[in-house]
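Two complexes are shown next, each including subunit A; its partner changes from subunit B in the first to subunit C in the second.
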Partner chain A sequence: MRRQEDKGRSQEVQLLLAERPRNRFVRGSLYLLLALIMVSWTFGDLQVDELFSTHRLRNLNRFLSEVRPFPLHGKEWDWGVALSWAQEIFKREGLEATLSTLGISVVAILLAGFFGSLMALPAARNLACSEPFLPEIRPPPLRARVFYALLAPVTRFALILLRAIPEYIWAFILLAVMGPSAWPAIVALAIHNTGILGRLQAETVENVNPNPLSALRGLGGKRSQLAAVGLLPLLLPRGLLYLFYRWETCVREATVLGMLGFSSLGFWITDARARLQYDRFLFFVLLGAAVVLIGDFISAFLRRIVRKA
Partner chain B sequence: MILCLMIAFVWAYSHLGLRGEDLHPSSGGLKVLGEFAARALTPALTSEADFVPEGTRPLLYIALSSARTTLFFAAAGMSLGLFLGIVLGFFSSTSWWAGDFGGVRRSSPSRILGRVLFPVLYGGSRVIINLMRSTHEVLWAVLFLTAFGLSNTAAVLAIAIPYGGTLAKIFSEMVDETTREPAHALRGAGASGLQTYSFALVPQALPDMIGYSFYRFECALRSSAILGFFGFPTLGLFIRQSFSSLNYGEVWTFLYVLLGMVLIFDWWSGAVRRRLAP
Partner chain C sequence: MKGTSLELDGVSVQYGNTTALEAVSLSISAGERVGLVGPSGSGKTTLLRLLNGSVLPDQGDVHVSGSPLYTLSRTDLRRVRASIGFVYQDHRLVPNLQVSQNVIAGQLGRVSLLKSLRMMLFPSRVMVEKAHEILCRVGIGEKLFERTDHLSGGQQQRVAIARALFQEPQVLLADEPVSSVDPARAKDAVELLTRISREENLTLVMSLHNLDLAREYCERLIGLRRGRIVFDEPTSSIQESHFSELYRIGEGEMLADGA
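After this line comes the complex of A and B, so read on.
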């Protein structure tokens, strides 16, 4: 009796196992990814043990000895001296670099937010169609039909192109075009994030509750009026969440983009490295980490406010 | 809120000393832009250098092999990052030890374990995650470059560390957001913390975790290409070289290869996520 019950139960388990949600595509993708990882470790010319060969370790030793703050070279560690050394660098270059890093990220993300929201409208399939939010009564003229059939896919593809090229490459090319100022970094960050925010916003537009918008449209509202009056208040909270979330990444990238020669933290990192002043180099890397942590904290704080409101 | 954002914008704008007219490229810049854009539709298929040393590989071979290196660095870095992310994600998720699990009757040593050890592990792994994440992969790469010298392993580590931190953070958040009933059932049947975590909590979050990993893979590809700008043999190295030798056609060739790879992965990760969505 007991055994039979067990058997029935194991059959149930077998049935559950057989009916578990499976997807051949996902499964194949996972296997493919696994194969790729294995291939990359075997043929990727990665010699892990080589990293610990004698000349590498000699490099590491030299680095570690020179990474001590300059006034303390060859002396006992003294927090007072180290701190006053750090303070001096911070006053001389660090503060200015920190502020301009934050400034670049703020200008860039707000520009990206603005253009991203603008581009989200033609990228949303429910707005960029011949009769948004209402059933079609009569078929629109051919020109309008072709226009609206192309509008959303073309905008979406443009957004993909904007975000497929990394910020660093945008900035690298723009630097040659615009000359040295903070603009290339800002524009590069803004372009990449416009691509990302535009897509996220377009998805929010597509998932919006259509009823108020249908009513507005039924009263004869134009698309621009729908967007300004109906969509904006519905999108704002989520848009702000995305904005702050991307701002975190912007701060990270703004630090790094300075390496191309803008006055953010990255500039001082490359500068110190080029002068072989490893102590200053490490100081600026750590300062960058601190700035990113502060940025994360501010962003989390602002997102909490938005979520509560 | 909007007002604050506007004030922030104005402050940042004035602090950076930005001027609208600087946004317009100079005449020299316009020339570069024109020459660069003119080659967009005619990427180079052979090397454009005036002097090609004997034994140089053909351009397309360089493009494809650097694309391969880019892909391999991304995959290797991502695999290490996934490992770090899974291990640290376990320690930095609270759902397998905190909350109502304290109420289960336990012997005193394990109660001490639950009260002291797990919170300490949790805090420690949170700190580690944030330290890993706070430094950009490029900075990790430069740090390793300065400490060890040029080495492919350094590039992989540079990708793995920040990605591991991010994956751990996201994984733990995804796991902590799942419903707790299955975990309570397993816990009541006597399962350990690790068993509860891996058989009751993770399976619910697994689709999200897989989808997110695919997305991060796409990001890793971009990061890996960027690392080339610092001397690693990925696409960035050749983009930089060709651009500074004014061989814009070659730049476009490399850009198209990169763009193609990223677009394929964009489609792939999107397709996987669509199929995983409930």
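After this line comes the complex of A and C, so read on.
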């Protein structure tokens, strides 16, 4: 008696299970990821022993002797002398280069954040449709249909173009157009990061909880009002996290981009190397690392604040 | 255009293979106070959402103030929606805005983008005071500047009511507007809605699980069961047997059906 009841139930559960909505996509991408890991593991070709030949060790030794601060070449190590040497360089070139590196990265990321957020709106398919967040009450005219069918894909393609070209290449092109100043670096970083931030923000717009927005649409809100009153507060915390995260990379890239010839840390790094002054070279590399670290700390700190708010 | 009538004309709604509403027709005249009752899953939310065009039927027509909803132009639709307040069962507020901002957002359908930004960031004193007055009437005046998601469920529900009232609509559709509010405050809130309806000739349609409230405050009750209208009568002629028939657990239904 009891048995039979259980059997009936298990059949019913089986039935419900078979009818349940399934997310094939999630499962598919998991399998694909697994397959990719296996493939790269089997076909990857990493050889570790090449790294440690004697020839390399000799080079390393010579390099280490040359990076001693110049006033200390062939003398006993003296912290006082080393520090005053470092201070000298820092005052002469380091400070300005540090500030300009930070300045470039800040201006670039602000520009990228602004334009990225703007481009994210037409790139988000849930917003770039003729009736966002509610069902279409009647078919829109052909013109509107074509427009909205193209809007998101075209914007996304533009974003891909912006980020597919590396900062370094953008800077190179812009250097030819704008002449040597910090602006090619700023604009290059801004363009590349607009592509990245725009894409990330579009993704967060598409994943936003539609309910509050459908309510605003339902009481007569226009698309632009939904973006300003609903999306902006809903997405601001996440958007700021992305912004600070990309700013970290911007600091790093701004350091490197100096190699194209404006007064950032990268410029002095290449300058010192060209003059074979390996002591100064090392100093600027370490300063660059410090700047990147400081950037990371500030960013982590700001992100913590945002997360708490 | 004070006073707006509503009409459903042979409306059916399907979600996949569930039929949420089947051939429902009804008409509600301007200023009427209608209660919508029925078991969970009977189609109350669906019916209400048809009336502001946030659910579309597979068959049938909806008329608001005499004009068919589905032939309206975009601007007309926006105007009609601005005149219909909706209190959602799940509130649908913007969680990280202040309560005052959520309430003021009720006016969005009437203003330009620029004005709405100003209202959100630098609301005029008149506006804030009006929002405060409405919040006081629903009993949470002191929460005016609190972050909305710091409020309890019942408090948020009353913010949703306040937003709909701030909208100054012609029609108020309320989907279980007091489901998470305690009995005493629930009674107050329903009384408030009906009083405003009476004073301003506001058409009020609300679904209620609390049958006593429905009886006390609505002049007409519509009973829904499995997507069909079981009764649609003036409250005075409703008997206890109407309800027992409405909520009867049918054959093949498990106890927890439809939740």
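Everything below uses one rule, namely that the second predicted complex is superposed on the first by the 247 of 309 C-alpha atoms of A that agree within 3 Å, B and C clash if a C-alpha of one lies under 4 Å from a C-alpha of the other, contacts with A are read in each partner's own complex, and residues count from 1 in each chain.
By definition in this document, contacts are C-beta pairs under 8 Å (C-beta built on N, C-alpha and C of every residue); 3 or more make two chains touch, one makes a residue touch a chain.
Treat the numbers as computed from the prediction; the structure is a model and nothing was measured.
Novice: Using the touch definition from the top, say if A:L150 reaches subunit B (first), subunit C (second), both or neither.
Specialist: Neither: A:L150 stays clear of subunit B and subunit C.
Novice: Which holds for A:A300: it touches subunit B only (first), subunit C only (second), both, or neither?
Specialist: Touch status of A:A300: no partner.
Novice: Pick one for A:L30: touches subunit B only (first), subunit C only (second), both, or neither.
Specialist: Once the two structures are laid over each other on A, A:L30 reaches subunit B alone.
Novice: With both complexes overlaid on chain A, does A:L15 touch subunit B (first), subunit C (second), both or neither?
Specialist: neither
Novice: Is A:L134 in contact with subunit B, with subunit C, with both, or with neither (first, second, both, neither)?
Specialist: Only subunit C is touched by A:L134; subunit B is not.
Novice: Taking the superposition as given, does A:L95 touch the first partner, subunit B, the second, subunit C, both, or neither?
Specialist: The answer is neither, since A:L95 touches no partner chain.
Novice: Tell me the contact category for A:L83 with respect to subunit B and subunit C: first, second, both or neither.
Specialist: neither
Novice: Going by the contact rule stated at the top, is it subunit B or subunit C that touches a larger number of residues on subunit A?
Specialist: When the residues of subunit A touched by each partner are counted, B comes out ahead.
Novice: Share the list of subunit A residues that count as touching for subunit B in one structure and for subunit C in the other.
Specialist: The overlap between the subunit B and subunit C interfaces on subunit A is empty, containing no residue.
Novice: What part of subunit B is in contact with subunit A in the complex they form?
Specialist: Subunit B residues touching subunit A: 1, 5, 8-9, 11-13, 15-18, 22-23, 25-26, 28-30, 32-33, 36, 69, 71-76, 78-79, 130-131, 133-136, 138-139, 142-143, 146-149, 151-154, 156, 210, 214, 217, 222-223, 225-226, 229, 236, 239-240, 243, 255, 258-259, 262-263, 266, 268, 271-272, 275-276.
Novice: Please output the residues of subunit A touching subunit B within their complex, sorted ascending.
Specialist: 23, 25-26, 29-30, 33, 36-37, 39-41, 43-48, 50-51, 55-56, 59-60, 63-64, 99-100, 102-104, 106-107, 110, 160-161, 164-166, 168-169, 172-173, 176-179, 181-183, 186-187, 240, 252-253, 255-256, 259, 269-270, 273, 278, 281-282, 285, 288-290, 292-293, 296, 305-306, 309
Novice: With touch defined as at the start, can you tell me which subunit A residues reach subunit C in the complex?
Specialist: Subunit A residues touching subunit C: 134-138, 211-212, 214-222, 224-225, 228-230, 233-234, 236-237.
Novice: Could you please specify the touching residues of subunit C with respect to subunit A in the complex?
Specialist: 52-56, 69-72, 77-79, 81-82, 84-86, 88, 90, 92-97, 101, 105-106, 108-110, 113, 116-117, 120, 167
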